[in-house]
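One chain, subunit A, appears in both complexes that follow, with subunit B as partner in the first and subunit C in the second.
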Partner chain A sequence: MSTTAHSVVSPGRLSKSIAGAVVIIYALVTMIPLAWILLTSFKSPPDSISYPPKVIFEPTAEGYCNLFTTRSRQTDEYIESLGPPQGICDEITRKRNMVIVGESNYWPRFMNSLIIGFGSTVLAVFLGTLAAYGFSRFRVPLADDLLFFILSTRMMPPIAVAIPIYLMYRELGLSDTAMGMILLYTAVNVSLAVWLLKGFIDEIPREYEEAAMIDGYSRMQAFFKVVLPQATTGIAATAIFCLIFAWNEYAFAVLLTSGEAQTAPPFIPTIIGEGGQDWPAVAAGTTIFLVPILVFTILLRKQLLRGITFGAVRK
Partner chain B sequence: MAEVRLESVTRRFGDAVAVDHVDLVIADGEFVVLLGPTGAGKTTTLRLIAGLEKPDGGRIVIGGEDVSDCAPSERDVAFVFQQYSLYPHLTVFENLAFPLKSPARRMPKDEIAARVNKVAAMVRIDHKLANRSTALSGGEMQRVAIGRALVRDPSIFLMDEPLSSLDAKLRAELRVELKRIQNEIGATLLYVTHDQVEAMTMADRIGILAEGKLLQIGTPREIYTDPVNLHVAARLGHPHINLLKPGLLPCESVPGGARTIGARTEHLEIRPSAKNDANARVDWIEHLGDQNHLHISSEGEKIITLADPYAGINPGDAISLSLKNPLFFDENGHRIT
Partner chain C sequence: MNERFSTTLEGTADAAARSTPPAVARRLRGLSDRAIAWIFISPTIILLLAINIFPLCWAIYLSFTNYRANRPNSEVEGVGLRNFERVLTDGDTWLAMQATAHFVFWTIVLQTLIGFTLAYLIDRKFRGHAFWTTVILIPMMLSPAVVGNFWRFLYQPQIGLFNYIVSFFTGVEPSSFQMLGDVTLAPWAIIIVDTWMWTPYVMLICLAGLRSIPDYIYEAAEVDRASPWRQFWSITIPMALPFIMLAVLFRGIENFKMFDMVVLLTGGGPGSTTELASITLKREAFESWRTGRASAFAIILFVAVFGLANIYVKALNRVKQR
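For the complex of A and B:
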């Protein structure tokens, strides 16, 4: 009696277990490279290139020490003439007949990534939210064409316009500046942000703002008081997508940054060149590079799931 | 509270005229119901008064002041929407306090709390003030929505089918309560519905809208007994008014020019047929409990009327049907009196 036209046969125990097993196996397979990077970052350089590969090894902080320092080779006599080692990295370095001569560029590059990644994300989401609200609520002339135009900026790989952008940036003095990279990533991300957020804002009934406007608020106040609190899910999901793009972007970063504004992705491969093939240092750099995205994604995982399944669960 | 006056207000959407030169005066303290089918322009009329739509022509005057060009927040009206009326991210208390916290009012905190508590008691939601507004039943949500309008003491309450998304029992309950509250505070109220029971029971005056035009406005009794045309006559009465050709049924005096006769239950006299004077037959009877709907056919015309359940009429009976002071309409559907 209680069945309805929409009832779905709920999966049995066996199919549930099979589905669960498939998901777990898939997750394990995709996580192997990440686990390998984490393991490699704690290996010594000889362990990292040993064959067959070592799964069990003696962990060392050497990769991390090498990542954050620059070192120079010295004679044994010179090293012995120094005082007792200052900290664990000094000790490890001396065992390799080297001394620490300074800090590497990893932290500044990592900070550049943070500034450019989060800066462009905040800007893209801010602009995207306002534009999406406008498209969602007002009769914009040629709205469909404008939305298509916005989407069309994503239809070719961004790198296809690398040369004109390179030339423009050189003329404008934006090459190798954080501002230039923030603007570039914002321009790429804002189309995604507008489209994604328009869908979310369309779902918020306009009666809420109308009620607020009648209750004595201006449209702007109603937007901040009523629309924004309900759009947080969409804003969070959009922010994650934007951050992931800006964080991982490599091609433009290689082309347009070389020093001051260089981000971590083009920097990490250059670690290899500093004193042999230092895979543990590369792995250490990669591991640390993964942390912000990991933290951000875990903090907003519910919203991210909502963003990924967006469209499938709409009424 | 204040008088609200619409002067020849017109609103177009593209080629469609949603509200067509509507003149309407809602007196201070009056309960006016706009009744009409979907698309008649009821909601647009409310939105025009609220300032959510701008009129293409005409003036809207609230309390003697022309507000046609004012923003919604400057008009001091309260609006109860059909649904989606509560702010889902706020509690019941915060919802009720929301209009009082607005930049337009900026009321001190203790006064807000006092007002919210008073109104919450009035709409009987005071036990759920701390609840999230999404954790309420449909009836409770509409109580809060009505409360959010009441908390403000505006110049007019505008209500857009506030009860239509509720089930029948709740609707009847809230209908009575709404009328009680309106009496208590002497509110000026413009209420939109397509439910004739709501219109008949609550209104001081009913306005009948069709295709953007205000066809007639008057007391429920006037609208029911004295409709100006076929459309108005067809809006009220249950079962639906029967529209018959003159001459089908016997009638004392039919005025010249009458093309249609409107016959409600009270205009039809049913007598069990004696011998050969039967002019109609009972096809079937719908038993609704307190009353019976009689489906009658007469020379191929279908007629529906009410009958006393104990009248002893059975399906298949031949009956004699006659008209008693029915409504007459001319060829354009206008009433002939």
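For the complex of A and C:
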């Protein structure tokens, strides 16, 4: 740990540059694994497993082609008997003595992630905003106990929750359905949403609504026209957290979905080629899956920062 | 019950409306505050009851039975406390607890040290610190499962980037060690990935702590000619301590529950060296299908996290009050 503590009042120029250098080196080092995912996604399978690891190589779309297709090995005669290759993936596949036989499950799984992610986020934020307003503005009997209970549900290990949910969903026919996953993720997220949003709504002065109500607004109108617009930053921050959770979640998804409603995280590790894991394809799938969150993080960094520190400090 | 509240209150509202100015009357004629409170809160409570509490109660019930989820039609018998007894006397449970404790302890130590150092450096406010803070944050936003899966590739002996970089700096032959296949290295392999992912989180909370220290305290110390070293230990550390402790709490709870990243990296192996509590639980519940016994284990885990977290929060509050 740093032992040369300088006054925060006026950090010297030298201490600033040393601090900057250390932080930048750390940032660059932590980016290496991510850069490697991106590089690997453009490698051919032999390049991806070469020693020493190749930094300079001939980029190919093979990983992405393999990610989206299923292929089967064919004899040279058969491949020659086919017409000219259609599209770049066809060409690449034929070079490996294979032909494309169909589409892989990656795209449906990715769509499931989108539907379940956004569905549960909208629902959790909607329910969370209402409940947070209720807890913030009205005297609710046992409010503190309820809030504590709502939060403590997050302390359960996901596998522990998954056992009874698995049985319950089997009885109700919700196993492996998008609806089941949306409800489950909503339930997990709503606790965080209520907690974060109550903090944001507590910050909005009651006087605003009271003034609106004296002007003739009903409580409902005041909520929709005065409180909600004021709470948009908080709602946005909360929505990002809910979305990131649902997007990244693995434990429930792997136990409760197997086909139809499977999301991308349990699917990506199962991408295999001939003779083991097809790393370029895995890297391609990982890249496509990570890009939305990367964009989110960069565009919404202010709300994210606020949400993380705010949520943490309040708890 | 909600309807009754609102109707009686609307009755009074109508009565009041006759003698009050029109604007106030219009407000009262809407739903009563109490009705709105219940309408707003109850959907959340109902959802949590259905998807959190009801399953939890069911799990408690199951923990006293010999139920097996793969044989739904066989007869269920109550077995009293036998499941709990079996879990607590099973050597595997304690091995898993040991592995979990090792993982939680070292991830917290490393993440706190690195995270606080980074926060302290970022708080020097060098040029571009906001941009680099965002870059540092990226790993914690990503899916632990998807990224953990890729780390399996980075850790491959010989072809993996990790071994290559280590050999580049130390001269050790890259194929001479296996991060995921060696019983002494595997526990550290998962600690490295978790630290890579979650140090930014600790850093952020520490940064919030450092920024909450008012400048005038440092100014006063400066006037008193306190050395930078002295300022660091008697102002910075004590005032940031509640935040550091919070970060430790959150990381502790999260890593106690750790499942996704580790199951994809090592699957609990080699042997059972990285078999954390959640992985044992998953094996019991969804591979051995001993649902009753797994439920008992789940409840023991929950009580342990909950109990430890509560004790810790008490200590935290004491630090805050100082």
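The rule is short, and it goes like this: the second predicted complex is superposed on the first by the 297 of 315 C-alpha atoms of A that agree within 3 Å, B and C clash if a C-alpha of one lies under 4 Å from a C-alpha of the other, contacts with A are read in each partner's own complex, and residues count from 1 in each chain.
Following the convention adopted for this analysis, contacts are C-beta pairs under 8 Å (C-beta built on N, C-alpha and C of every residue); 3 or more make two chains touch, one makes a residue touch a chain.
Every value quoted in this text rests on a predicted model; they were computed, and no experiment measured them.
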Next on the checklist: With both complexes overlaid on chain A, does A:Thr297 touch subunit B (first), subunit C (second), both or neither?
Outcome noted: second
Checklist entry - Touch check for A:Val226: first (subunit B), second (subunit C), both, or neither? => result first
Checklist entry - Is A:Ile214 in contact with subunit B, with subunit C, with both, or with neither (first, second, both, neither)? => result both
Next on the checklist: With both complexes superposed on chain A, which partner does A:Gly134 reach: first (subunit B), second (subunit C), both or neither?
Outcome noted: second
Checklist entry - Just subunit B (first), just subunit C (second), both, or neither: which does A:Ile24 touch? => result second
Checklist entry - Counting only touches as set out at the top, which of subunit B and subunit C does A:Ile288 meet: first, second, both, neither? => result neither
Next on the checklist: For A:Ile165 in the superposed arrangement: first (subunit B), second (subunit C), both or neither?
Outcome noted: second
Checklist entry - Which touches a greater number of subunit A residues, subunit B or subunit C? => result C
Checklist entry - Regarding the shared-chain residue A:Cys89, is it in contact with subunit B (first), subunit C (second), both, or neither? => result neither
Checklist entry - So which positions on subunit A get touched by both subunit B and subunit C? => result 213-218, 221
Checklist outcome for this item: Contacts from subunit A onto subunit C in the complex sit at residues 1-9, 11, 15-17, 19-20, 22-24, 26-27, 30-34, 36-37, 40, 49-53, 127-128, 130-131, 133-135, 137-138, 140, 146, 149-150, 152-153, 155-168, 170, 183-184, 186-187, 190-191, 194, 213-221, 223, 244, 247-251, 255, 264-266, 268-269, 277, 279, 282-283, 286, 289-290, 293-294, 296-298, 301, 304-305, 308-309, 312-313, 315
Checklist entry - Which residues of subunit B touch subunit A in the complex? => result 50-52, 71-73, 75, 77-79, 81, 83-85, 87-89, 98-99, 102-105, 148, 152
Next on the checklist: Quick check: in the complex, which residue numbers of subunit A touch subunit B?
Outcome noted: 205, 207-208, 210-218, 221, 226, 229-230
Checklist outcome for this item: Per the touch rule above, subunit C residues touching subunit A in the complex are 22-24, 26-27, 29-31, 33-34, 36-41, 43-45, 47-48, 50-52, 54-56, 58-59, 62, 69, 72, 113-114, 116-118, 120-129, 132-139, 141-147, 149-151, 153-154, 156, 158-161, 164-165, 174, 196, 201, 204-205, 207-208, 210, 213, 215, 218-219, 221-222, 228-229, 231-232, 236, 243, 246-247, 250, 253, 256-257, 259-260, 264, 277-278, 281-282, 285-286, 291, 294-295, 298-299, 301-302, 305-306, 309
